[in-house]
Structure formats: C-alpha cells, structure tokens
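Below, chain A partners chain B and then partners chain C, in two separate complexes.
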Partner chain A sequence: MTAPVYHAPRSLAEALAVLQEFRGAGTVLAGGQDIVPLMNQGRLAPTHLVDIARLEELRNITEDAGLTIGALATHADLVRHGTIRSHLPLLVDAVRQMGGGLQVRNRGTIGGSLCAANPAYDLPACLLVLDAVLVLAGAAGVRRVSSSAFFLGAGRTVRRDDELLTAIEIPALPTGAGSAYVKLKFMEGGYTIAGAACVLVASANGTCREARLAVSGVSAVPRRISAAEAVLAGHRVTSETLAAVSAQIAGTITDPIEDVMAPADYRREMAGVMAARAVAEAAAR
Partner chain B sequence: MTERIRLTVNGLLRDLDVDPRRALVHVLRDQLGLTGTHTGCLTGHCGACTVRLDGRAVKSCTVLAVSADGARVETIEGVLGDSALHPLQQAFWDRFGFQCGFCTPGMIMTALELLAEQPVPDHAAVREALSGNLCRCTGYQSIVDAVLAAAEAMQRPPERRSPR
Partner chain C sequence: MTGGETRYVGRPVPLLHGEQIVTGRRRFTADLTLPAMLHLAVVRSPHAHARLRGIDAADAVAEAGVVRVITGDEAARHIPQIPHRVDPALSGGRHADVLPLARTTVIYAGQPVAAVVAETLEAARQAAALVRVTYEPLPAVLDGDAAARPDAPRVIAEWPDNILHHGRIVHGDVAGAFASAAHRVEATIRLHRCSTQPLETRAYLAVHNAFDDLLTLYATTQNPHQLRHQLAGALRRPENRIRVIAPPLGGAFGLKMIGHPEESLVCLLAVLLQRPVRWVEDREECLIITGREQTHHVEVACRADGRVLAFRDRFVANVGAPYATPGWGMAPLTAATFPCGYDVQTVDIDYTLAVTHKGPWTASRGYGKEASNIVMERVMDLVAGRVGIDPVEVRRRNLIAASAFPYATATGLQIDSGDYQGTLAQLLELGEYDRWRAEQARRRAEGRWIGIGLACELTPEGGSLPRSLVAGYDTSTVRVDPSGEVTVLTGVTSPGGGNETGIAQIVADELGVPPWRIRVVQGDTDLCPYGFGNYSGRSLIAGGGSAALAARDVRQKMARVAAALLEAPIETLRFADGRIGVRDDPTRSAGFAEVAFAVYTRAYELAAVVEPPLEATRTYRPPAIRHTPDAHGRLNPYPTYSNAAYLAVAEVDPSTAVVRLLHFAASHDCGEAINPALVEGQLRGAIAMGIGAVLSEETRYAPDGARRTTSFREYVVPRVGDLPPIVIGHTRTPSPNTIFGNKGGGEAGVGGAAAAVMNAVADALAPLGVDVLSLPLTPPVVWRAIKGAGR
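The block that comes next holds the complex of A and B.
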C-alpha cells in the first residue's frame, strides 16, 4: 500500500476545493478517533487524506436564539461549555458515558462522531430529541439537513463525499424542558448496548406538555419513537407511564442489532428500560 | 512519500520526516527513541500510549504524526524533574500503583491532566479520568490511591526547595 497524499487546507473554501478535486478519493480527517485506529489495523488506506483540523473557523460554539456547535468542537469542549452544562445536560450525560476516557474527549470531534454514523455512538440520539439541524457545506453551497434525515445506515450518512459537515444547530428548548441521556454498557470502555435520549417539557400542572424520545445502539440508525412520546404527552411521569413507555419502545423496535455483545431481544428490552430511566431523569431536572 | 513536520517534544524542537500514515506513537518511539510511550492496542482503547498534545492528554496511536505538526508534545520522559521523581511518579512507587508497569506511563500522563484541572479530586473523579486507561494486572485500586496521594502531596509546599 502506498502512502496517502496528505492535504492540510487552511480554510473551508480550500478544503472544499480539495474534496471537489479528488471527489470520491478524499478521506476527511478531523480528530482521527475513528479513522486512525482503522488505518493502524490496515482496514482503511486513504489515497487522499484531507486533514481539516486546522480550520479554526469550525471549532467555535456560539449562542444566538439556540446554539451552534462547530463540527470541530471536541467532546471536551461540549462538557466545558456553560450553557450546555446548564441547559442541555443530556449532552453532558452522553459525553460522560462515552468509552475512551479524557483522551478521546480531548481529541474526538462532534462532527467526526456524527459522520462516523456508528450505531453505538451516543450523540445522534441526543441530536434527534433536540431537533438539531446539520449544516453541510459543498462547492455548490450550503444545505441544512434535519438530524432525523442525516443518518442512512451504519457508517452511512447523507453527506456527499465532496461535502463537509461544518456545524450542528440546536434550537433553544422550550421553557421548563428537562433532558437526559442514559445508556447500558457492560464495561467502562465498552460500546452502547442500548441508549435513550429524552427531552420533557413540563406544563404548569405537572403533566408533560411535550415528550421527545430517541434510542441509540439498538438499530442501524438512531430514531425517535413517536408511539412512546404519545404515551407521555398530557400525562404525569409515574411508574405506570414509565412502564408503558418501556413496553411501547420494546414493541416498536422491529430490527434490533444482534452481535457478539448482545442478542436482539435483549437489546430491544434494554432500550425500553433505558428509555424509562431517561424519562425519569429528564423529569427530575 | 514523507511529510516534513516540526514538533516540540519535551521542550526540544524536532524536525522530522514522517510517513503520513504513521501514528504519533510510532514516531515518538522509532524516530525519537522515546520508548516510555507504549504501544498497546493501537485502536484507542488501552491508553498506554497517552501523551500530552498542546497540554491535553491524547492517545498517541489515534493521532497521525503529520497532523501534530507544530504541536507541543510531552511524554513520560518529560515528566521527570532534574533528579527527583514527579510527585505522581513517587506516589505510584509508594502506593504500589503498578505491577508490570506497562500501563503506568499512560496512567501518569492522564492523571497529570486531571490534577491540572482538578487539583483535589475525589475518588470518583479519579476513576472517571482514568476510565480510558486499562491495567491488565487489575491494579486499579492502588492506581486510584496513588493519584489521590499525589494530589495531596502536590498541595503541600515542596520542602526540599525551602531556602535553608
């Protein structure tokens, strides 16, 4: 195998030009937490390596009505950010439950984690319940894609190979919203068996005005479970509603992943359990 | 084809020609002879190759050397003072924080960041910080004890440096 041609563009425009020129042959490198291990193992041999890590313009987290997270912000940047800590605790939950420790948080980027589209990763389900929008830049311009439309399958997204994910836009949550992400893994550095993200918006009378629930780790693509959301809407969070949420989730997932870590039925059941825990946690916040 | 990069490794400027496929850990070990940084899994799991890159702990098997161009790198060799062990190294020694020692450099490089950010961590904070470092001798309890002991030692004024 020959060494890849290494490109280190200094601006977004330059990066997009390189991707356009080597369309189909350019491998985007950001924090490298997915790609470099694959290269070490000989499972990936890029011909053109496009290292976007120097595009400082993609590193910022900015606040307007909501929050815009640059694709090169790291997981450590997320958990250090004041507004994320106070208003979006589910993202802090997700990062703290990730495998890999401080080192992976320091180096791994949010954009890389999303573009990897690994079903075991935690942020995709969180973005679904936040109604996040992903910003893709290409030579032809910018397009915005709903997080619910971004993931196509394990390792596959709608990002074209001449595009870069530049930012994630998170609309402000309604007043009274609580959020949480809970997952099951078998060891500290292990991958997600099942995870659930929840946003709950409470009414003045203590019932749920709005509930958003998504599961991860269970199917190739993370998804919102609207049938379980409907169970909560207009009701209080009680042991009965939590049991109904669990049952609804377990009943809705028809294509659970089965692998060496867990059988399909176990994953389906655990997705229900994690969802109930995420709802209870979000309700308490 | 190689790429020319410049690193500041343990305070020394180093100009290197590197294969763009090579992880930083290989360049540190094979091109600079800094073998205190260990190659474990090469998949980002074990943490034995942890170094500090611009002050932050990273697994150097997950960083291509070429993408570290211009960075400051600190390895376990840079932790040792002029003669005395760093308080973290001393605490690992005193508290039996290692058995075979393979994971120790990575543990110490990670713990350095924890203590820089949180000088008085509790037990849970140490465990969370070290969650990306594996010890296959299962010495976690004494490793956590060592980091807590080091944190305490680093809070005390250094006695040896008193002017008497």
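The block that comes next holds the complex of A and C.
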C-alpha cells in the first residue's frame, strides 16, 4: 500500500489547481470526520489528499440579506453564531443531536457534512427546507446549485471532482418563520433512524402561510415531502393536522432504508413521527 | 503489639495512578513497542459454516513488507490444539479440539484461518486482504433450541449431537409442590446475545530471547499465570521458559480471560521469526466473541399469598462455537445460582448447552449469575401479578430471612450472610418507591406509559472450581526495603477497577504508612507469587486478605526490632504516620525506615531476634468453599455472597417505543467495603452495562450466520448521557469468610439493573396487554410488541 500524496494548498486558487491537476484522483480533506475514519478502516485509500484546512477564507459566516456560510465553518461555529442561534435554530438542533460529541463538532465542517452525502447526516435536510444554494468553485468559474439538486445518492453529489464547495447561501426567512430539526436515534452514540427538518411561516391569523418539510435518514438522499407541506398550508397546526402530516409522510416514503438498526416499517412510521414533532416544534418558535 | 489501625480501609482513597488515567498518560499493552517489532493481522472467515477448499497466499506473500503468512496446517504442527481454560469434559461435558487457525472447516464467522506478519500494521492488514481463501459454504445452525434437537446438523462432526454439556439439579418434592399449589405460573423468558466491549480491546506482544530461551508475552489478560500454563501446553514449551506480563488493563469484564487463539499465535510467530510480534484487536474483531443467549421455560408453584413453593426451569443456552476460554461455564452457574436470594428449597433445573455456528461465548461480567437474577426477578413479578400483590410484597414474602444465615440453598450454595429485607427496605426509601407509584398513577391518567421495576440480586463472588486453575485462594508478598519503602507483589491482577488501591490501603493500615507510598506490583509471572489473577470479584477477598497476612508478618518482625530499639514491651507499640512508637508516650518512637534499616544492618545484635530480610509471602484461602460433594452431590464454589436491590422508573414513548429511564436507585450490600468509592465505581459501571444489555446492545447475525454487528454503529453501547441519575445506598452485612468482612464487589449490578429495567418496561406496558418476556427491548422490538398487542 502506498501512502497518499499530501497537498496543503494555501489559497482557493491553489486548491483548485491541485484538484485540476489530479483530476479524479484528489480527495478533499476538510475536518476529516469522514475521510480519516474511512482511511483508518481501510475502506478508502486516496492517492492525493488535498487538505483545505488552511483556506481560512472559507470559514467565514457573513450576513447580508441572508446568510453565507463558508464551507469550512465547523459545527461548533454554527452553534456559536448569533444570527443562526436567533433565526435558524434548526441548525443548532441538528448540531446538538449529532453523535460523536465535541470532537466532531469542533472538527467537522458544514461543507464536509454536505459533500459526504451520508443519508444519516442531519444538515442536508436542514438546507433543503432553508432553500439553500451551494456555491461550487472550479477552474472554469463558479456555479450555484440548489440544495434540492445537489444530492444524487448515498455518497454522491453533483460536485465534480475538480470542484470545491466553497459556501452555502441561505436566503433570509420570511418574517414569522419558525424552524426545527428533530431526529430519532438509539442512544447518544447511535446513528440517525429518521430525522425531519421544518420551516413554518405563520400568517397573521395563525394559519400556516408556508410549510417546508424534509426528512433525513430514511432514503438515500434527503427529500422535501411536498404532499405533507400541502397538508399544512393554510391550516393551523393542530393534533389533527400533525396526524395528517405523519400519515402523509409515511404514505410517501414507500421504500425506506432498512438495516440492522431498524426495519423498513418502523423507519417509515418514524419519519412521520419526527416530521410531526419538527412541525410542532417549529410552530412553537 | 496491637493490630493495625484502620485509617485507610473503608475510606474513599483516590485511585493510585488515577492522574495518569484522567490525563491520558496511562500506558496500555497496545502502547508498547519493541525494536524490530513485527505486526500481525488475522484473516478471518466471513462464513459461519464452510469447508475450507484452499488458501492461496501468493499475492499476500509478494506484498512489500510481508514477512510471513501462516495457515492452519503449519500452525497445527506447532500448536496441535489450544488447551481449554476449563475443559467441559472434566465435568461430564464434551471436549472439542480448538485450533489456533482453522484447517478443514470454519464453524463461526470471524474464525481465524490465516495470519499475516509484516513490518507495519498497514502492510499486514493490506496483505491479509489479499489472502485468497476458497470456501464451500455449508448450512449454519444458529438457533440454540434447534441445535439441541437430535436431528440437527452437527457443529462438530465427530459429536453424536450438538450438546456441549447437560445437567440437572433437583431438590425437594417438586411434583408434590406443584400438585398442592394454589397457583402455577409459567413463562418462556428469552435472553439475547450480547458482549462486554471494554474500551481497551485485546492486544498481545511476544518476544523470544534465544540466549536463555525465554518467551515473554505482554498480554491484555486477567490471568497471567494460567496463561503461562496454557501457553506451555499449546506451544509445548516448559512453563518456566515463559514469562507473561500483564500491563495495566483498560477494562476486562471476562473478555480477557484466557484461551484466545491470538495469544499462542503471536508467541509462535515470535519464536519462528525471532523478532517481536504484536497483534492489536480492532473493534470489529472485538465484536466476534460474545456471551449469553438462552431460553428459559420456567414454571413456579406458589400459594395463594404469593409464597413460592417450587421453581422449575428448563433452559437451553446457545454457547456458539466451541472455544478455549471459559465462557461456556456461565450457563451451569446460571443453573447453580437459582433461585437467587429467595427461600425456595424445592427446585428442578435442567440445563442444556448447545453449540451453534454463532460466535463463541467468552466470560461476560456476571458470569451466568446475571442471567439467573434476570429470570428470577421477571418471574417474581409474574407471580405478584398472578396472585394480585405488589411486586415489593412478593419479594418480602419470599426473600431469605436475615436470621437464616448461613443459608444452604437448594442447589448447594452456602450463603454466608445478608439482610435482604433490610436492603430492600433501604431501596424503597432511597428510590422513593411510594412517591413514584403515586407519580405513575398521575401520569398514567395523562395517557403516559410509565413503569416501575424492582429487582433483588444475589451475586456470589470469589469463586473457585475444583480440580482447575480457577482457585479461591491467592498469594501476596510484602517487602520493606532498607530505606523503608514498601512493595506488595500479588497474584491478583486488576482489570482497571482499582484493586491495587484497595490492597495498598490494607497494607498501609497494617504498617502505618500512607497507601500512595506503597508500590503494588501485579501481573508479572517472573516477579509476583503464583496467583490466579482477576475474576469473580476475588481480588480484595484473596489478594487483599493475603496482603494483610503478609503485612502482619512483616510488621511482627519490625515490632520485635523496634521493641529492642526503644526498650519497650512489644504490646505497647503502634505503627502510625510512618513511625513506630510507644503508645501514650510521644517521646519514644523510631522512624519506620530507621527500624527497617536496623533489620537489615544489625542482624548480629539488635535485630538478631528476627530473620532478615523484611519480606513475607502469605496465602489467604477463604473458608466455606466446599469442593467435596455433599450428600446430594452439590458443591459450594463461593466464599461470599453480596446482595443488592434495584429500582428503575421507565417511560415508553408511545410513538417511537423508545424507553427512557427517569430514575434509578440501588441499595448494595458487599459487607465492609475496603474502598467505597471504588465499589460505587464498579456498581455504576455494572448498572450501565445492565441497562445497555437490555435497551440497546445485541450481537446479531444474518440468516446464514454472517455477522451483522461489526462496529459501534450497529452494536450500540450507552454513553453517559443515556444513563439516568443513579442513587446508591449501602447496607453492610460483614462476611464471616473474609479478613475484613468484605464481599466481592465486581459483578453486582449487571443482572439486577437489567432485571429492574425489564420489569419497569413490563410495568409500563402492562395496561396495553403487552407481555415483556424477551430481551432486548430496543425500540423496534418494543414497537412491534405494542403493535402486536392490537392497540
């Protein structure tokens, strides 16, 4: 076995040049929370490791109309950020429910969490309900991809291997919006069984002007469930509408992930339960 | 001279070396390296049952850095078989040859078939993946009950069936009791397969010194001297040409008992290659070896008031593939420890150990005693339900009375002492039983599913098996240097729980020096007296006891010399604060070191009254162990019996079926604790283990026997945030069979906590008509049970 060639570019341009040079053979290393365990387990043997940790400019979180989060912002950075804490509490929910403790929070990055495209991860579903846009930089320039188009399958995204995810743009939420992310796992150290992210926009009369709902952990890619969103639109959040949301989710997810941790029927029902809880939580915020 | 003063025994003295642990500086076996050290990786079968058609190691051998690839045939030329730690054949069971590497068939997934030695770990692992093994998969027998049937396919081809061991314990008029009983309660209770998972996995490092033909093995082991004996048998080397050193352990729980194939493989390759060879187990490998999984068909005869008249159990234990560690011995002890702490003299217990193509059993904390407690406590709740009394009341009516000790159980155990009613009473107060019952009623009215579970627990400790190197006694040497420094060399070892601190406390009190000045040496067969290591909560019974006796002998020598030095009668001397002085006369004393120096240097005058050096070796052999059968053929393997009671409050989420523990309390009686902080640490850990076993941990297999739990992603162990606050109280009934009145404190909690949680979940779901008779209680399992109850 040969050790990977280690690259530590000091600028975005340099990083993109390295990726371009070793096209198809470069593995991007950010916080290392996916890559390093896989390497240790012998399940991944990169030939070129491109460590982007020195690209400090990718760690900033900037505010304009919305929020632009650099891809290297750590999970801990998200939880510390004032605007995220006050306006995007679902991201705080997601980080707090991650396994792995402080080490993962301090090392893991939002960009890594998205590019890994692990069905069990929490942030992808959150970005779907935030209508986030992912900024991909390549040698040929920058392109913006909707979060709903980013994920192709388990471990697969539209990011080309000469591109870097540099930032996540989150449009400002309408006034009156509440958000939440709720997930089910067995024990602190367990992986996601099912999760749900919700953004709920209330109108003056207390009904839902807009509902956005996405589930994680149950299918290869996180998905918005528009049929369940439609159940809420124009209605108040009551035990009846929550039950209808649960039923709609369970009815929509016909082929959930089944593994040693949870059978398909359980996971399907739990997606509905988590969605109802996320809606109730978002409504209360 | 008076006896030692109690200044440290009974106190929560901080762990010796504790600062190394909390600062991450403690060195474990996997931290050891030797010059020119090689690394071993094991090629393992993915199949539960397959014929080995061929092994092609050409690509592996060609890999850079690879030094040697060894397969079953070559290994067997050097190691014909691994001797069993305790051969089942010695007690009427069957013997199976256990090989270090499979030769013709594999009989469990994860079984070693080849080993690769290379210059680096990475190269060894890479090459191991290149060893091409041709398997012809065969049908696997996975279910214990199915395996026990006469027509089941054989796990061991030469055997007439799959029965490793069978036994029956009958006492009293069982048929008569059932005929006259007001009630008969029947249940089938299933305990699942799980394992112990210490944070430190196993590791072995062997080095052979050709100049004096000494093979040294650094090993994560609980039994260094017996490992030496076993290696002598496996490698056919003289026992005195082997040295086993056990560095500090990061948890053991029975997993690090001896008989694992990697122990002798590492030694063999170190001898063959004349270079040090190390193997470090990874987590995936650590999940191969398991414990438990048994089905109990229980019947109880009782009076109308809930008094149990007779207990009948027929159980089959699925012990997995035959293996050389003593895991199989758990099931006979499950049988022998029924009916736990209850006064039931009429029993019929029939047990069958069936081999299957699942991962072998190894010893797992509780060593079968946790299983008897779980079954018994679930049954007591069923009895309470049948006769319509509170779970507290059914226990009160059946527990052995405090006045009945020493108490001979129906299975022949001699329970030394206890106050079971007192322990239960303390628990009810500590656990606020009445308040939680009221709270339960209030929350049930709100539609919440909340349950309260009780469990009493009996934990025999300090065990010994006849005609085996599983002894009840142990030996320590206490040595004082000319400069007055104290060293204890003992045959007991520590799994990381801190018994060295307890031993230092004991010796400190005898000699009047602080415990942190004492050096305790454990786990080196060339330095320590012959001893038996760590199991069955024995370390402070036998290790602490022998250290006390040795320290007293040393003190006696020093007192005689001090008496001459101080010109004072020996009876007036006291040892305290590093000095030996005349009681009630502070002006007349000598330093401990001064007297020690005098013993060594004035051997022809002042100190001529004693024999130098200042060293004594003593053995403590606890009384009450009985290895000669009584009139019913029964033995008593244990000197002490700790007991405890537990209360768990659980809430089941009606939507997710997740069980959350709201409250947990324990009342524990291990007699006089040498160090209450260490006892509580043991108990908390054991409770966490019991909770995990019930709520999340399960070793699972695919229908063909392939492993499905290969990492902590699938084998979910509770973390600190998953545990409820645990309130602990102590009752203290001294054991008459130990020097300090202490009882074993290493195993209590696993079975009791598991039973209390199981009973709490059963109580929570009782209004729904859900029967809780099987473990584990993971959310999908509970969810399906709730659905099945037809809500």
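The rule is short, and it goes like this: the second predicted complex is superposed on the first by the 285 of 285 C-alpha atoms of A that agree within 3 Å, B and C clash if a C-alpha of one lies under 4 Å from a C-alpha of the other, contacts with A are read in each partner's own complex, and residues count from 1 in each chain.
The definition used in the following text is that contacts are C-beta pairs under 8 Å (C-beta built on N, C-alpha and C of every residue); 3 or more make two chains touch, one makes a residue touch a chain.
Please read all numbers here as calculations on a predicted model, not as lab measurements.
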item: Between chain B and chain C, more extensive residue contact with chain A; value: B
item: Which superposed partner A:Glu188 touches (first chain B, second chain C, both, neither); value: both
item: Partner chain in contact with A:Val260 - chain B first, chain C second, else both or neither; value: second
item: Partner chain in contact with A:Val273 - chain B first, chain C second, else both or neither; value: second
item: Touching partner for A:Gly32 - first (chain B), second (chain C), both, neither; value: first
item: A:Val158 touches, of chain B and chain C: first, second, both or neither?; value: neither
item: Chain A residues contacted in one complex by chain B, in the other by chain C; value: 188-189
item: Chain A - residues contacting chain C, complex; value: 1, 42, 184, 186-191, 193, 260-263, 266, 269-270, 273
item: Chain A contact footprint on chain C (complex, rising order); value: 122-123, 125-126, 129, 655-656, 658, 695-696, 700, 708-709, 712-714, 716-722, 778-780, 783-784
item: Touching residues (chain side chain B, partner chain A) in the complex; value: 1-3, 19-21, 23, 42-45, 47, 50, 53, 56-59, 61-64, 66-67, 69, 110, 113-114, 128-134
item: Complex contacts: residues of chain A adjacent to chain B; value: 2-6, 8, 29, 31-33, 36-37, 39-41, 45, 49, 51, 53, 76, 96, 99-104, 106-107, 188-189
